[in-house]
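Have a look at the structure below, then the notes.
Note that the chains take the letters A, B and C in the order they are written out, and that residue 1 is the start of every chain.
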């Protein structure tokens, strides 16, 4: 059988580099002066400035993780943590400066807004340059704005929720985030309001040797529902960029949130992102995650099921190619009776890429009658690549149903033969099998992303071996 | 504090599974010779052997302890077939500390039973290394049985090397000790080597089980199967770490790993970390773990035949253990274990 | 009559082991052939060797289709030449619906885009004839199909792809009486004087529903006797002992 090569993502549209033009770029590195300067630039209220400075202390006191991918290429002294683009926050695409708008145009963002979204936010480097939402949602009391506006206009809400779901000392990069965060989205969906079409925030990091630290805070109040989509990309530079965002989600009793992410950072990106959700009684959070980009990722969305009957589903695919080390997975804490979780994870490794599925399931002592089922499958496309499965299952009580299954292997020769006997060429057969493998995930993605993902899985024969 | 039995791949410290920390365990350094040891074998048994190091093992402190203080060592070179190698360590009031090194070089087929048992109420201590080399074409069957009393400490490092076409059947029955810490490593270098590891653990009261099984598949067409069945009562706690590591070059290798933990109390704690590591594409790896209480329907069905709930529960647990226990050909040993399991489930 | 398949002195291995030891078989248009034989005689090796299954190797002899040597053809090219093989154990392919798969394969086979509406109608008609649950075409290819459903799905694919030669490998095994009738009906629907069928089986049940031209007895990698349907009858009564 011959070996296949899965083509790389056509990165042309992501790789459009704009001149590194900015209104303000903070000096590289990290110290108290830099954090104070960011705070001054952002006109922080005093309480926020305090959070930042305290977080910096925490950052300095914490060690780098002693596990997972190698982070030694990341030199904080060479990263600019704040880059203010030459644009203010706009509510009309026409007002966004030409060059920045062109970038988002190419990425299809304004187009998507017209077609299928209820609201859009767009961040360029450290600041949100565009935010808008459909009129009727505004009338129903839905708030969708950039994080800085939220700090100014809804300080009481932000104070109650900011860095409460994800504690500042969670790990070193959370502390870093809390010290230098900038941009991101704030969403509040009032009680009982159902937002039928998705909101989307798009994060673009253009500036080289810089970091993006957007903060996303979403509160879906009792009985409300929302679908939120997050997209990320950046052009490739030779030096390492850093993304250490933070996503805090509060899904109140009987509420529903679906959080979809398509992460397509360039391959010089260290993606050290943190996402957590606190889920109330009979509420549900569903995560849909596609991880395709970045050089190194450490990303483990977490659902904390605090309310009785809370549910969560995680559906994720990770696709690691040449030079990529993508360490992803899911964490769930069952903290109340009758909670349930379903995990479905897939990964594809090729051309020396490494995928790790790292996960935690914890069913606490009081979480009687809880259920959890986990399935992970890894596909190895060649023998230069790597695929590891490292799931921790911590079960602290007996009245539970817990099961975990994992599989690792290559495309089955038998399946290829079967399809070829029906007239499919070897490459068609393999492409069909890989698409079929990814299908349970791609079907959960918004349509335009699913199409994009299928296009990624275009294969060609690389020449016969043995 | 003793920090031992490192997991081969580290993960987040918050998951509390990178190693096991034990308070109040003293590693005895001055020990007398261990008298109630009986070794039976038709092959030559040497007692004066040098202790060599371990690839994984339980950690430096325990390895050093065996190297410096071992009070019972045995090396058996199996040159002629031997179906009845027995190494029995029965602890009594005078002999409570065993620092033990066993090496078996199997050039011919063999059956081996190693049993640790307390015939005393006193706290016992075992720090043991069992090393096995399964030479080409050899079929070797090993049973390790822990029946120590529940105030004892049991440390066991098993290391195995599998040559071409060898077949190693390993069975671990872990019922005893307060802290029972096991490390198992199979280095599968030989083409078509086969390793079938099956284990039972049963924890009750405050027993702690820390189980760390590692198989590295290096040779082509190697095959490993790890099957672990356990039950936890009362406040018992178990960490199971099972790693199947497909190393580069192990084309057409297969690895299966399955752990099933029956929880019999709402205070019992079970952590499982079943790992698959893979740097080769032409392999098949599967793992599954499950835990939970016994199936109510099964219990109901058995009770409808006039059996009380406790008996029904025992019946189901023993049924799950049965397949593994049946590997023990020695009927006497098997019956002894059945009785022991019965007693500990009461 | 045009010659479709011609195998001469075929030797083939399954893995390392020699299974076919000099097999000769010629099939013309309009013929129905049956190869019968005890387990291990080489029946599946025969089908898989024609189809260039990587688990089997042809070590000597020749396989020609319509006068062309097809031994070095890849499996898909053999299929495109007009040979179909039904599998004993059809693979389950998750993530692709049966209908989309059929449409895709038909497109590849004919090198023409398939008009979905007419195509679907045609497929549904076939399914009705084969007593298949119409919902099956929306399900993923063979995933979760029962044994009988899988076998019928193979016959459905044969009808849809409409080959010149259909090789049916143990299509009747594991089926109940009704399913065998349905499968036979599918073969009857397919059969005309321009194509041919090669049925590989170890029992004679399916033959009572079909008109058969030749019956070959395959024992230990060779065809030891060829006759008409009366030969199948004889095997039914006396077994293979006589030929071993």
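Here is the rule we use: a contact is a pair of C-beta atoms (placed from the backbone, for glycine too) under 8 Å apart; a residue touches a chain by one contact, two chains touch by 3 or more.
Given the structure is predicted, the values throughout are model-derived calculations rather than measurements.
Asker: With centres defined as the mean of C-alpha atoms, identify the chain lying farthest from chain B.
Answerer: C
Asker: Just to be sure I understand: the centre of a chain is the mean of its C-alpha atoms, right? Then which chain's centre is nearest the mean of all of them?
Answerer: A
Asker: Take the average of all CA coordinates in chain A, do the same for chain C, and state the distance between these two points in whole angstrom.
Answerer: Each chain's C-alpha centroid was found; their separation is 49 Å.
Asker: When the C-alpha atoms of chain A and chain B are each averaged to a single point, how far apart are the two points in Å?
Answerer: Averaging C-alpha atoms per chain gives centres 41 Å apart.
Asker: When the C-alpha atoms of chain B and chain C are each averaged to a single point, how far apart are the two points in Å?
Answerer: Those two chain centres are 51 Å apart.
Asker: Could you say which residues in chain B touch two or more other chains, in rising order?
Answerer: none
Asker: For chain A, write out the residues touching at least two other chains, lowest number first.
Answerer: None at all.
Asker: For chain C, what residues touch not just one other chain but two or more?
Answerer: There are none in chain C.
Asker: Could you please specify the touching residues of chain C with respect to chain A in the complex?
Answerer: Checking each residue of chain C against chain A gives 51, 53-55, 74-76, 78-80, 84-85, 87, 90-91, 93-96, 101, 104-105, 108-109, 140, 157, 161.
Asker: Which residues of chain A touch chain B in the complex?
Answerer: Touching chain B from chain A are residues 65-68, 358, 360, 365, 368, 378, 380-383, 385-410.
Asker: For chain B, which residues are in contact with chain A within the complex?
Answerer: For chain B paired with chain A, touching residues are 9-13, 15-18, 246, 248, 251, 261, 263-293.
Asker: Report the residues of chain A in contact with chain C in the complex, numbered from low to high.
Answerer: 1, 412-415, 417-426, 428-429, 432-433, 435-440
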